[in-house]
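Next up: the structures, one after another.
Both of the next two complexes hold chain A, though its partner changes from chain B to chain C.
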Partner chain A sequence: MSDNTLLTFAFMDPPFESERTVTFFRLLDAALEKNASVRVFAYEGAVALAFARQQQHGNAVHGRDTGEEDHPLTREWIAALQQKAEQKGLSFEWINCGLCVDERGVNEVIDGCGRGGPPDLWRYASEALNTLTIGTR
Partner chain B sequence: MSHYLFIQSQDPFTETRAARQYELVGDLYDAGHDVTLLLVQNGVTPARQAARSPVFDRLLEWGVPVIADGFSLRQREMQESDLKDAVEIGDVSLAIDALLDGHKVIWN
Partner chain C sequence: MKVLQVIDQAFRTTTEEQDDTILWLTQSMRGAGGDLMVLLSGHGVYYAVARQRQPALAVAGWQQSQPANVPRDIANLVESGVPVYAVQDDLEERGLAHLALQNGVQPVSRRAIADLYEQADQIWQW
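Now for the complex of A and B:
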């Protein structure tokens, strides 16, 4: 049975590579703005979005140190969305494909992000009002 | 009649498949479905006045609603005055509205 305020997103792009990642996070933020609860199934490279050991770095070309460069990290974007959802009384769930995690060795994820597999995507899609799949192409 | 929202991130100048994607939009519209095209990322580039993409322009001529994401336009220094007349400006929240309305939302 579907929840009429629940949306599922499936995403496969890795962090720091594609403009799709920015658009994807904008869609998640817009969903919370519209008071929709969100479920994300991350697979392939997208499992690294929640990797807990992402670190900021300086940029010698720009002549900036780490603080000045203030490089955005996707794990922080996820945490910000988790916080926003909590403040609005909405749910925000995130499952990484376990096989994809193991292939990439990105097992350490931030709190609130779990591990699963394709059956979770099926469950997420079945229980949601609607699902958006963002393919790499 | 079904409701479709296509989120169009690909552009016809670097992705040959974009022309086929526009054709699908046009075919669905021609078949009587409610179809909207939301341009994001480089998908906004054919909306520029001087951009030449006959298959995209045909959608505008037919009256398919085409909306360009304002964020993507600003990233590319594109102003409202740079756009073809029939193109309107919106943002990705339109995709969320469509999802919540139970429409078919397709990422290209």
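Now for the complex of A and C:
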């Protein structure tokens, strides 16, 4: 893959519901690893992936407090991908579908994630080598 | 760039969103100048023969006022110049082949899908 490859991803699943979410993030990581810049259009439940108020919690069943449990948060995965892209001199863009954000009330997102709509997906896809869409099942 | 939207899941959150989210996405991108086609496959072929608006949901004292209207959304796509295809084999497997397709929806055999894919620059499988 050339160094200037740009890939677009459209994703629909929310956090903490499906293994597709994990696979999606691993694909983003793999794309960056192969020196591809990445653009993400988060649609429907996926807009909650960047929600800034996600919080870790303890787990009594596991016998661990909040710090020990160190629960994964998708907002931290996004931040890690942003940091990795920056370190490699790649771009990593993330746009949430604004209407999807509004109906879920997840307006507060981490830095580097924006708000947009379908025209942004079209623009992302038009400029990309290819687009991978992962719908909810 | 031309994109083929492949919709093989029907009635996914149509009650809450009051539309099919991929049909909505397609209409919106078409409005932004996108060049798109739609292929209804699998359970998605139900949309090709739908005639009625979705029944309104009632929960306790809450009553839905704007239920999804898939036939209208399909018609809007066709009228806006988006070709809409339905897989004939999938219609037959579901016992829907005897029903008339909505105006403008074109049947396509499973064997011809590859030709349809060749017409697009990107295939978006939802």
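Just so it is clear, the second predicted complex is superposed on the first by the 133 of 137 C-alpha atoms of A that agree within 3 Å, B and C clash if a C-alpha of one lies under 4 Å from a C-alpha of the other, contacts with A are read in each partner's own complex, and residues count from 1 in each chain.
The working rule: a contact is a pair of C-beta atoms (placed from the backbone, for glycine too) under 8 Å apart; a residue touches a chain by one contact, two chains touch by 3 or more.
Note that the structure is a prediction, hence the values are computed from the model and not measured.
In the superposed pair of complexes, A:T23 makes contact with chain B only, with no contact to chain C. Residue contacts after overlaying the shared chain place A:G135 against chain B and chain C alike. When the shared chain is aligned, chain B comes close enough to touch A:K34, but chain C does not. In the superposition on chain A, contact is made by A:L7 with chain B only, not with chain C. In the overlay built on the shared chain, the residue A:G117 is in contact with chain C alone; chain B does not reach it. After overlaying the two complexes on the shared chain, residue contacts for A:Q56 are found with neither chain B nor chain C. After overlaying the two complexes on the shared chain, residue contacts for A:Q83 are found with neither chain B nor chain C. By the document's definition of touching, of the two partners only chain C reaches A:A125; chain B does not. Shared contact residues on chain A (touching chain B in one structure, chain C in the other): 130, 133, 135, 137. The residues of chain A lying in touch with chain C in their complex are 10, 12, 43-44, 117-119, 121-122, 125-126, 130-131, 133, 135-137.
If you check the complex, the residues on chain A that touch chain B are 4-5, 7, 19-20, 23, 26-27, 30-31, 33-34, 36, 129-130, 132-135, 137. Residue ranges on chain C touching chain A, taken from their complex, read 1, 3, 9, 12-13, 21-22, 25, 28-29, 32-34, 122, 124-126. On the chain B side of its complex with chain A, the touching residues are 9-10, 17, 40-42, 71, 91-93, 95-97, 99-100, 102-103, 105, 107.
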